[in-house]
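The letters A, B, C and D name the chains in turn, as written, and every chain counts its residues from 1.
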Amino acid sequence: MVRVTVWNENRHEQKNPVVRDIYPEGIHGAIAAFLQDEFEVRTATLDEPEHGLTDEVLQSTDVLVWWGHLAHGEVSDEVVEKVKQRVLDGMGLIVLHSGHFSKIFKTLMGTSCDLKWREADDKERLWVVDPSHPIVDGIGEYIELQREEMYGEHFDIPAPDQLVFVSWFTGGEVFRSGCTYQRGNGRIFYFRPGHETYPTYHNKEIQRVIANAVKWAQPVDRKRPVYGNAKALENGGN
Amino acid sequence: MVRVTVWNENRHEQKNPVVRDIYPEGIHGAIAAFLQDEFEVRTATLDEPEHGLTDEVLQSTDVLVWWGHLAHGEVSDEVVEKVKQRVLDGMGLIVLHSGHFSKIFKTLMGTSCDLKWREADDKERLWVVDPSHPIVDGIGEYIELQREEMYGEHFDIPAPDQLVFVSWFTGGEVFRSGCTYQRGNGRIFYFRPGHETYPTYHNKEIQRVIANAVKWAQPVDRKRPVYGNAKALENGGN
Amino acid sequence: MVRVTVWNENRHEQKNPVVRDIYPEGIHGAIAAFLQDEFEVRTATLDEPEHGLTDEVLQSTDVLVWWGHLAHGEVSDEVVEKVKQRVLDGMGLIVLHSGHFSKIFKTLMGTSCDLKWREADDKERLWVVDPSHPIVDGIGEYIELQREEMYGEHFDIPAPDQLVFVSWFTGGEVFRSGCTYQRGNGRIFYFRPGHETYPTYHNKEIQRVIANAVKWAQPVDRKRPVYGNAKALENGGN
Amino acid sequence: MVRVTVWNENRHEQKNPVVRDIYPEGIHGAIAAFLQDEFEVRTATLDEPEHGLTDEVLQSTDVLVWWGHLAHGEVSDEVVEKVKQRVLDGMGLIVLHSGHFSKIFKTLMGTSCDLKWREADDKERLWVVDPSHPIVDGIGEYIELQREEMYGEHFDIPAPDQLVFVSWFTGGEVFRSGCTYQRGNGRIFYFRPGHETYPTYHNKEIQRVIANAVKWAQPVDRKRPVYGNAKALENGGN
C-alpha cells in the first residue's frame, strides 16, 4: 500500500476562522481524510520538530503532498535539501496551489515559479488537455470550481513533461494548472487549485485528481543509477 | 484484469526453421505465455479472417501488442483504420521491433519511421535514460542482449513524449529504443528489441519491460472528449 | 532570402461578400502582402492546376503557409503526399486556423485533430506561455482579438514539442493555440486565429507571429539522413 | 550583432602543460577565436574580480558560454545568482562538457546533474537525433571524435525539451550529449564534448555546433512577463 505523507504549513487554519470553518482538521486533515481509503496516510506540519519530516518519516514516505503559503521562508533549508534528495531517489511529490512558491518546488524547477494572482472569487474551469493521462482517470472534460483564487500566465516554470490541465478564469486569464515533471528517480505533479478560503479540497473531482496523482507518482522499484568513475564494459574501450 | 491481444504476422515462423526452433508457438505464443500470469491474454495473426482483429476483439482489447515484419503491406487498410480509431479511443498499443514499419505505427506517427539496420550479431545494450518511468520498474541500469539486429539513428519518428531507453550497438550506432507517445485517449510504447532469429522474447528483462508497458498503456476510465459545435459555457460568450 | 509559398483554398472569398470585403486579394493575398517585406513570397490556390503546388514550386519553397476550410476533401491525395515528403525533407509548414482539419496536418499529426468550435463573436486572448520562443519575438504578454471564432479543448493533437500560446475565450473555453512540431527534417507551427469573417490577418501582432514563425521554420542546411542497410562503423561490429 | 561572453575557469591551462599546449590562449581563447567571425566576443575567467562577470558584463551579454571543471566550488554564489537571473531574463547559456557540474547548471536544472565518466581515450560518435534543429545546421549524420573522455548514462538531468545529439562510446556507453532547455525568457544548450586534454575545440564540426547554438540561444526581443497581483481583464471577473 502506497505510503503518503500530507504536509501542511497549517498557519491559516490557526489565524483565520474562515479557513478553520472550512477545514476544521486543517487542510492536511482534509486531504488525509479522502486519501486514507486507498493509501496509508500520515500528516506532518511546519511547527512540528523538523517540520514533521524526520529522516524516518521521509524514508518511509512513497509520496509527499505539499501545501504551503504564508511561511515558505520558515521551512529549513536542511529539510528542503532532504526532501529534494528523497525525490531524486524516487519519492513522488504532489505540490498544491501556493506551493508553487515553496522552496522545494523552486529548487526542483530551477526557475522563479512566479505567476499572476488575484483573490476575487473568479470561477475556474480546469480543462483536460491530455485525456490519456492516468491522473484524469474518471474525470470529465473539465472540472468547474465556482470560486477560486486566480493564477494566471505567465507561470515561470520549465515546460512541463506532460501538461494535463489548463485553467480558464472569469477575469480573462489562463493557467497551466496540472503539470508533471520527472526529476531523478522521482515524479512530481503540480496541481493549481486549493486556496485556503474556498472548500476546494472537499470537491470530489479535485479529490479524485489528487488520489490519481498519488498513484501515478508512486516510486518505481529501482535503485538510483550508479554515478561516477566507470570501467569500460567493452574491450574496445581503451 | 487488463485484456491483452498479442498480434503477430506469424510468417517467419512458417518459413524459417531457425525462427520456429526459437519460437515453436510463434512469437505471439511466446509473448502471450509470459504475459498470461498477470493479464487476460489472447493472440491474433495476419492470416486469420480480418487478421484476427474483428470489431469484437478490438472492443474487448485494452492493450494491443504488435509484431510484424515481412508482410506489413498485407495488413488491410480497413483493419489499420479500426485499430487507429481504437487507440484514439483509449486502447494501449505496444509496437515491437520491426513493427516500426507497420502501417499502424506509421499512420499514428505521421513520419516515415525509417532507420538504419544490420543483421550482424551486434551486441545491444539498452540504457535506461528515464529511471522514474514505470516501464523500467524492476530493471537495472541497462539490459544487455548478446546478439541482436542493429537499428541505428536517425530513427525518423516524432520526438518521443518520453524517452525511456537508448541503445548502444557494437558497430558504432545508437538508437532511441524505448519511446512513449500519447495519441487521443490512447498511449503507445515503441520497444526496439526482438529480431526473429534471436531468442530476445525469452529474456526475462525484456519480458518485464513488455509487461510493465502493458500496465502503463492500459486505458484510463474516460470517454472520448466531445468535439464539434459547442454552446458557450459562460453568459459572457456571445 | 527565405522563399515562402502561401497556399489558400480561396473559396470563401468567391462565395461570401463579407469575406471578400475583408480580404479583397484573398486571405493568401493578405498574408503574402505582409510577408513580402522580409521574404520572397508566392501564392498558390486550390483551383490552380495541381493546386498551384507543382514539383517545381514545392522544391523551391522553404516555408509553406496553409489556409483551408471548406474544401479539405478536394485537395488531392497525391499533392498531400508530396507536401508531406517535402516537410520530412526539411520544408517548414505553417498551418493556420481551420487548416487543423486539412489532410496535410492530419497525416503529419496522426490524430483526428478535432476540436470544439463556435461562431459567436467570442473575444480571444492568446497568452504567451513560452516567453523564450523566437515565434513570440516582439510580442507582449498576450494578443487580444475582439472577435473570433472559438476553438476549444480538447484539441486532439499529439502533445506539442513546444507550446507557445494558450487562448482564453469569452464563452469559457481554452485552447492550445500556438504549437510547434518537429517531423523528419522539417518544422511545423500550428497557429489558431484566422476565421475568414474577421480581419484577423490585418492585425499587426498576428502578422508578426506569422512572420516570426516563417523565420523559425526555415529549413536547416542538411540532407536527409541515410536510411536502410548500414555497414558497421567499428571493427567490433560483427 | 550577438554579444557573446566566453567564461572559462582557466585552471587546467595554468597547471597542466598538456592542456596549455593544446590551448595556448586557454580554452576560452580558443572558443572566442572561432566565434569572433560571426559574433562580438569577450572572455571572462574565474580569477578576475567577480570572475569577470560584473553587472555591466552580464547586462551586455546576449549569450554566455561556460566551461568549468576543477573549481566549481570557487564560483561565488552571488555571481551564480546573477547569472541565473540573467538567464531567466533572456540571456542564452551554452554549458560545455564538465560544466554539467557547475553551480549555474545544477541550479537551473534542479537535479544532481551527475553521470558516469572515464578518462581512457574512448572514441565518441555524436549522432544527430533531431535533424530539423538549427543547432545541427551544416552538420552530417554524426560527429566523430577519435579520443574523448567518456560520459555515460544515466545523466541526471530533467528530460531535455529537445534532444539533439546522442553519443556512442567505445566502452559500451551512450549519453544524451546535446540537450536544450527553456527557463524563463532564456534558452540553454548543454553540449558534452570538450575534455581539456583533447583538442576538441579545434574540431571544425564542434565549432560549428557551438556557433549554431549561440545563434539559437540569442535572446528574443521581449520583456520579462509581469508577475504578481493582477486586475481582471474582463468585467465578468469578480
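Convention: a residue touches a chain if its C-beta (ideal position, glycine included) is under 8 Å from a C-beta of that chain, and two chains touch if they have at least 3 such contacts.
Predicted model, so just to flag it, every value in this text is computed and none were measured.
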Chain whose Cα centroid lies at the greatest distance from that of chain C: A
Cα-superposition angle relating the copies chain D and chain C, to nearest 5°: 180
Averaged-CA centre spacing for the pair chain B and chain A, given as whole angstrom: 32
Rounded Å distance between chain B and chain D, as computed from the means of their C-alpha atoms: 36
Per-residue overlap in chain C, given as positions that touch at least 2 other chains: 125, 128, 130-131, 141, 152-154, 159, 161-162, 169-170, 172-173, 182-184, 225-226, 233-234, 236
Chain contact graph, described as a line, ring, star, complete graph or other shape: complete
Chain B to chain D touching residues, read off their complex: 125, 127-131, 141, 152-155, 159, 162-163, 166-169, 172-174, 176, 234-236
For the chain A and chain D complex, residues of the former touching the latter: 88, 107-112, 114-118, 120-122, 150, 152-154, 156, 158-159, 161, 169-173, 181-184, 225-234, 236-238
Residues of chain D touching chain C in the complex: 90, 123, 125, 128, 130-134, 136-139, 141, 161-162, 170, 182-187, 220-222, 224-226, 233-234
